[in-house]
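Structures given as structure tokens follow.
In the two assemblies presented below, subunit A is common to both, partnered first by subunit B and then by subunit C.
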Partner chain A sequence: MIKIKFEKIRILETGNNLGPWNMAVDEFLLYNCKEPILRIYGWSKPCISIGYFQNIDEVDYKKCNDMNVDVVRRITGGGAVFHDMELTYSFVTKNFPQNILKSYEEISEVIIQALKKLGLDAKFSPLNDVIVDGKKVCGNAQTRKNNTLLQHGTILLEVDVEKMFSLLNVPIEKISDKKILDVKNRVAGISKTFDQVSNALKSSARDVFGCDLVPFKLSQEELESCQKLMDEKFSSENWTFRR
Partner chain B sequence: MVERKFTKEHEWVEKSDQIVIVGITEFAQDQLGDVVSIELPQVSSSFKQNDVMVIIDSVKASSDIYCPIDGEIIEINEKLSEQPELINQSPYEEGWIVKIKPSSPEQIDSLLSKEQYDELVGQSKE
Partner chain C sequence: MNSSQDEIITTTSTTKLGKIVKIKIAYKQESELIHSIKITGDFFVHPEEVIEQLEQELCGVKLEKEDLKNKIKLVLKNSEFFGFEIDSLVDVILGMKGDKNKI
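Moving on, here comes the complex of A and B:
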């Protein structure tokens, strides 16, 4: 099934950071990608990311502030995601299948194989989820700009559905216990540590793409570009409240 | 019959008097799947060829749409804000995206013919 092969993939591990910084680094990589990059990261503080096209009103912004949860707008589409106990990855490449579903499937194979290494029976669930025992453990989003594909996604380690719902402006009649129960039945954390998943992902990227892994760090100059993107875009109200 | 030209980024361009109409191709809409949102440019804004002009979001991915020629936006398809699905339903007619007044009309000549585009799409399907 796997068609895309790479000679090498650059591995960037940026640790836990704030939401606006995390999104700034993803955008920087998208516009400065020469070779494929797999970035692995986490969140130093809980954060809700909303889709590029989403209305900010779908998030209870005041409550997020009160509960010390950041809100950041992504460059990818889709809905609100509550980032807390998870491992997030982004994969950036200029060599990718034009067919979007196929590209999801091929890149998600890295996640599936990683979860299998951890003893989980993971499967691809179109369009863009990975499931274990019928429950979604990983959601993904893609954007294609500058002839480059960026796919980022979250692998849930643990999930707090009540907290997630309390931060979103879901119409009150929809936040019934049943609704929360439904989501609990559909979404699950994989109960592994960040390091376990991170190591499994790197190892499966090597297997799936048949490539060498080359770890790297962002240079001082690149970090400054990310800082600028964070300050001027992802931390700005103009960007977050644009819709 | 109006002659359409194409870009390798899967846009179509149709010249009518001094105006060009731009949309995305049947192949592009099929690849994207259901279009859920579109961010249109402002009327009277100017773009250079290959500038990002429109951002389109589908159930699968968000993608940039590039301006096929230098020019000024003179009309946008307002209907798309409420009915982005028109791009899926009628990519060449009701789902047109913008009308541009070209500043270098000769650029149209260097775009792909239907045959060249079909060949490209045939390759993409591989």
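Moving on, here comes the complex of A and C:
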């Protein structure tokens, strides 16, 4: 049962960008939220994001550099995510259930309904996943600052499990065919295009929250703030290597 | 006992407690006091900064069940966390005591 409703949600479509920029925009929106915003974005080159609490050693940093894959630390918890063929969204709001599980469930309903519009039988899988046919197709993470919630997550379009494993520091004995098969059995892409998912997501947000959608762009001043955040935080080794 | 002779032992542990929790701990062998601790993993804690506070406040705490549990409870009392329980976190830390796998 969805309880949060909005009169309007601002829609921000920022296209494909580098990992540190994507994380900078999400943080900027979190700390400058006046109205609810749904941001839809992608990645101009592959990137691994690691969770706030993770050790950088989770990632084979040298191999990522060699393979031109960015590495960025998120401001949200959770595990390492290989961002490649996916649609990523972020949602910021000051109006949200205080209960964390409930807030994941209510916001994730937008994704579930979007996937249903695309013919997929999607379900919420606590705490923070969305599954289709028992496989994870969407992972989400939240943080809360100054009475504002940020939830961001990825909707997998296609998945390359072998490449993902090759970039993570998984003990060699665990990179077995069985382990890879195990992940393949638990994670899946939805085989839709970015535009299909983007359109479904916007339509679903309108339906689920009963609101108008108002597209907008970041101002030059806001873009400069994001640039500063990217340069000083998300591109810095101080932040990326902090744990 | 001369505290300068209290050798510091460093060990690591990786445990699945709902989510993966990796702990690196340095403790004094004789007094069993935590010298430093780093708790990493794919868990969630709200607010996130509490984990750094926890790591700081565990320094100087004895590797003893009630001491650890009380300190962790106190630091996390206004936090929400997913992927581990306090009791299991305490058990993992205690299980690292006497671990001779120095790094």
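Everything below uses one rule, namely that the second predicted complex is superposed on the first by the 243 of 243 C-alpha atoms of A that agree within 3 Å, B and C clash if a C-alpha of one lies under 4 Å from a C-alpha of the other, contacts with A are read in each partner's own complex, and residues count from 1 in each chain.
The rule is simple: a residue touches a chain if its C-beta (ideal position, glycine included) is under 8 Å from a C-beta of that chain, and two chains touch if they have at least 3 such contacts.
What you see is a predicted model; the values in this text were computed from it and never measured.
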item	value
First (subunit B), second (subunit C), both or neither touched by A:144	both
Touching partner for A:79 - first (subunit B), second (subunit C), both, neither	second
First (subunit B), second (subunit C), both or neither touched by A:55	second
Partner chain in contact with A:100 - subunit B first, subunit C second, else both or neither	both
First, second, both or neither for A:193, with subunit B first and subunit C second	neither
Touched partner set for A:185, first subunit B, second subunit C, both or neither	neither
Residues on subunit A lying within both footprints (that of subunit B and that of subunit C)	51-53, 75-77, 100, 127-128, 141-145
Interfacial residue positions of subunit A with respect to subunit B in the complex	51-53, 75-77, 98-101, 104, 127-128, 141-146
Touching residues (chain side subunit C, partner subunit A) in the complex	19-20, 22, 38-48, 51, 80, 82-83
Complex contact set, residues of subunit B against subunit A	31-33, 36-37, 39, 52, 55, 57-64, 124
Subunit C-facing residues of subunit A, complex	51-55, 75-80, 100, 127-128, 141-145, 243
